[in-house]
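Letters are used for the chains, namely A, B, C and D, taken in the order the chains are written, and counting of residues starts over at 1 for each.
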Amino acid sequence: MGNVSSKNFVPRSRKFVRRNQKSFFQHKHDRKYLTSIMSAVKRAQQWATFARTWHLFDATWQNPFDSAQVIIKHLMGLHKPIYHPMNDCGDHVVVMNSRDIALPGDEWRKRVYFHHTTYPGGASWTLAWELHNKNPTLVIKKAVYNGMDGNLQRRHTMQRLHVFPDDKIPEEILKNISNQIRYLRPVPTRLDHISPEEVENYPKIVDYPKQYILR
Amino acid sequence: MSNSHLFMKTGFPRAALNNGIGRYVCQLQRVTIKFCKNNGSSRGVRDFLEHDLVNFAKENPGIVVYVKPRRHRTPALSAEYLNGEKQLLFCRNYTREEVNKWLGLLRSQVRDTSAIRLRKMWHTDNPSIQGPWTPWTFRDPAQNLVEFPDPKLFKMETEQQTATEKLLEIFKAQQEAERKRANETG
Amino acid sequence: MSSLRTCARAAIRIQKLTSVIYTGERGIKRWVAPTLRVINKRKAKLGPQPEPRRSNFLDWNYNAEIFAFNKRLSENFDVELLQQAFTHRSYVAQEEQKQREVGIENPELSIKDNTDLIVEGKCLTSEIVERYLRQALPRLPEEGILKLKDYLLSEEIVAKVSVQIGTKDIILSEDHPVRQETLVNTFFALVAALARSNDVVHTSFFVRDFLIATLSDKEILSIWTPSHPFQTLDAILNREKRGSADFRLTAQTGVNTILAAYQVAVYSDQQFLGIGTGETVQVAKNIAALDALQRMFGIADFSRPIPFNLTVDVSSQRTENLPLTKWCTENLKHTVGG
Amino acid sequence: MVFQSLTLFARSRGPDEFWRKRKIFKLAAHFVGRKRNCYSIAIRYVHRALRYATMSRKLKKADMLNLWNTRLTAACAEHDINLRTFKEALMRNNILIDRKTLVDLAIWEPRSFKSLTQLAIARGKQDGLNDVMYVKTPPGVITRGMLK
C-alpha cells in the first residue's frame, strides 16, 4: 500500500479505485507501477465495497409517497453502513408497474401538480389522475424527487432511478438487477380476480336462507 | 481557528522508521542552546546550564549538545531531528524548570509536532481483519439462483398470523374433526 | 504607561480637538518590518543559494557527533572503524588535491576510506536480509523472498533508512548535498564496520531493526505478486493432490454497466480457498486465485504479522524457500522442519 | 522611552501597523478577491469567519452524531433490528459501546457487528421487546440475562 494512512476510517471512494484501475492485470509488464500503489487484492476489495447494486421495486398497489422514502434510501445509499454524503455510494432502483400505484384517500382527485412555463399566464395545474393518464411514471418520479433535499446531488441521484409503467423492463436493464425490494403493504386481490370455486368453498359464518333475495 | 492550519503540513501520528518495532532511537540528534551571558532574559537558561546541563548530556548520550553564547539576544533552543527538520524554540525569561521541561519535550518528540496538523489521532495499517463490509457480506446465497423478477421475493415478510388466516385455520381444523367423526360413526 | 498616555491624550483632546487616537502597547519595533523587507528583497535578488554544510557551522564537533551516533543507535562501533565507514574515497581524493595545491608533491594522508567496507557490507546485508526473510516468512515462495530482498536493498529504501539513522550530516564525501548513492554506500559501510567491531549476529540485529523493520507497514502483495495466479494455484493444488480449482460466481451486479461487479469464490473439493471481486469475471477469477495464494503463503491481511524479533545465523547452511514450481504443503513440512 | 512633553508622549504612534494587519491578512489568506488583500474589507470577513468557526465547533459534533446514526440505522436494518432496540438491548446486556465504535465495527469488522446484533435480538426476545419478537435468530446465542 502506498499511503495507508489516508484509508483510515472510511473506505476510499469508488473514484479512487477507478483512477487506479490500471491494475496489475492490465499492466502485466509494469510491476514497479503496481508496487508503488496498492495490490490487486486491495483494489478488488474496494471495488466490492463500493459495488453499485441494482434493486427492483414493484409499485403495484403501493402508496407512491411511502414507496418514495424506501426508494430514496436505496438511491442515496442510506441503507449502507459506509454511507457518507460525499462518497457516492448510492444504488440503482428499477421501479416496475408504476401504472398500478394506489394513491391514498382522495388524492387522485385532490392532488394538484403545478407547472409554470415562465411566460406570463404560463401557470398550469394538473390533477394527479390527469398527470397519471398523460404519463404513468411521473407521479412516482415526482414523489421521489420531492422527497429528497434540494441540492446539487439531487438530479444526479435521480439518474439512478428507472421507472417503467408496466412489467416490460428492457432486457439489458433486467440483467443488471441483483436484488428485490419487498412490498411495503400487502397487495389485495380484486374481487373479480377470485375464482367462483374459491368463493364457493370459503367458510361462511351464516348461510342465507333459501328464500332470501339478494339485491 | 478556521484556517490557521491552511499553510500547515498535515499528517498522521507515525513513528519515524518504525521506531520501536526494532529498537528505540531518540529522534532528536542535536540541540544548540543559545543564550546571552549578561541579559536578564537568559537567566533561566544560564541556571540550567550551570546546574542541569551535565546531567542532561549524561542521560542522553545520543544527543549532541552545543552551547552558544551570543550577546544581547533572546535565548533559544535550536533542535535538529533525525528527519532533517529544525525547530527553533525561543525561551525568553524562562525559568530553569521551564527550560528543563521544554528540552524534555524536544527530546521525546519525533519531529516539530506543532508544525503539523493531525488528520486523525491514530493510524493503522490493517484496519480490518474480517474484511470490510461489502453489499454481499450478508447476502443470502440463495439469491444467486433467482430469476428476476421473482414474485416470491416481493412478498412482505410477516411472521405474525393475520386474523383471517387464524380463522381459516380454525375452520380447517373443525372440518377435519367433523370428517373424522363422520368416518368413526360411519 | 498606556493609561498614563490615555490620560494625557484625553487632556490634549480637550485642548485641541484634532488629535489622533492610538492605543499604546509595546509590540514589535518599527524598524523590524522594513528591515525584513529589505533583507527579503536582497535574498530574492541573490537567487537560490546552495544548501549550507552542517559541518561548516560554528556549533559543530565531529568527534562528539561520532560519539553520539554510536550511542544513539545503542551500538558498540569501534570508533576508528566508524570514522572510516563515514569517509568516502572522494573525500580522501579531495583532501589530497588540496595538499597538492598547497605544493606538497606526494601527499600522504593517514585517512582510510570505506571502499572495501562498502563491498563487504553490501554482501553481508544482502545475506542477512535474505536469510531473515526466509526465516520470518517460511511459507513465502523463493521468488517472493528475492523480490522482497530487492525491494529492501533498493537505493530508495536504504537511502531513506540511512538518513533516518542520522548519517547525512556526518558523511565525509565530496558531493554536497549528499547523493542517494553515497547514503546507501554509507549504510553498507556501517554494516561492515559493525561486523568488524562486533560480530555478525550483532550486525544482523542492526540490519533487522533498521532495514527489515521497514516492511512492517507494507503489504507484501503490493511488492510481489505471483505473475500467473491462476496457473500457479492449479499447479499447487495438483501437487497437493487436491481437486482442481473450482471457480463459482457468488454475486454479480450491474453486468451491463461500466461499474459491473462480479464476485467469484474459488473452492477445491468443496473447501473454500479464496474470494475476489472484479469488473469482469476473468479479473474476479484472477483476484480470487491471488487471494487463495496469499492465504496459503501466510501474507493475507489477517495472517500473523512478520516477526521482527528473530535471530539469524549467517554461518549456518543456506536453505532456500520452496520455489513456486515446487510449492506445496507437503514439501513445506520438509523444509521448515515440521 | 523619554518624552520631553505631554504632546510628544501622546503623539507616539503605538504598535506597528504592519504586524497588526498581518495577523488579519494571515487569517484571510485563503479568501478570494479584495477581501483577501484590502484590510478594511478583509477584517469584516475575518470576523465573520471566526464567528462561523466558533459555531461550527458545536455543529461538527452534531454532524458526526448524525452520520453515525445514519450509518448505524443502515447497519442495524441489515440485521432486522432497529437502532433504538439495538442500543436498548446492548445496554441491558451491559455492553457499553459508543456509536462511533459501533459504526467502526459495522464497516471494518462486519461479522463482529452481526454477533452484537444477534446478542441484542436474543436479549430483546428474552425481555419481550416488541420489535424483535418475531426475528429469527440462530440457536446458541447466550446473553448475560440467560446465565442468571
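Keep in mind that, in the parts below, a residue touches a chain if its C-beta (ideal position, glycine included) is under 8 Å from a C-beta of that chain, and two chains touch if they have at least 3 such contacts.
Since we're looking at a predicted model, the values are computed, not measured.
Comparing per-chain C-alpha centres with the mean over every protein C-alpha atom, the closest match is chain B.
Counted by C-beta pairs in contact, the busier of A-B and B-D is A-B. We define each chain's centre as the mean of its Cα atoms; on that basis subunit A and subunit B are separated by 38 Å. If you average the CA atoms of subunit B and of subunit D, the two centres end up 15 Å from each other.
One simple way to say how far apart two chains are is to compare their mean CA positions; for subunit A and subunit D this gives 31 Å. Subunit A and subunit C have CA centres that are 50 Å apart. Of all residues in subunit A, those touching 2 or more other chains are 1, 4, 9, 11, 45, 48, 51, 53, 80-82, 178-179, listed in ascending order.
Counting only residues that touch two or more partner chains, subunit D has 78, 106-107, 110. Counting only residues that touch two or more partner chains, subunit C has 217, 251, 253, 263, 277. If you sketch which chains touch which, every chain touches every other chain without exception. Residues 16-18, 21-23, 25-26, 29-30, 32, 61-64, 66, 68, 82-84, 125-126, 128-131, 134-136, 139, 141, 144 of subunit B touch subunit C in their complex. If you check the complex, the residues on subunit C that touch subunit D are 5, 8-9, 11-12, 19-20, 22-30, 32-33.
Listing the residues of subunit A that touch subunit D in their complex gives 9-11, 78-85. Note for the complex: subunit A touches subunit C at residues 1-2, 4, 14, 21, 23-25, 28, 31, 34-35, 37-42, 44-45, 47-48, 51-54, 92, 172-173, 175-176, 178-179.
Residues 1, 4-5, 7-9, 11, 45, 48-49, 51, 53, 56, 58, 80-82, 96, 167, 169, 174, 177-180, 182-186, 203 of subunit A are the ones touching subunit B in the complex.
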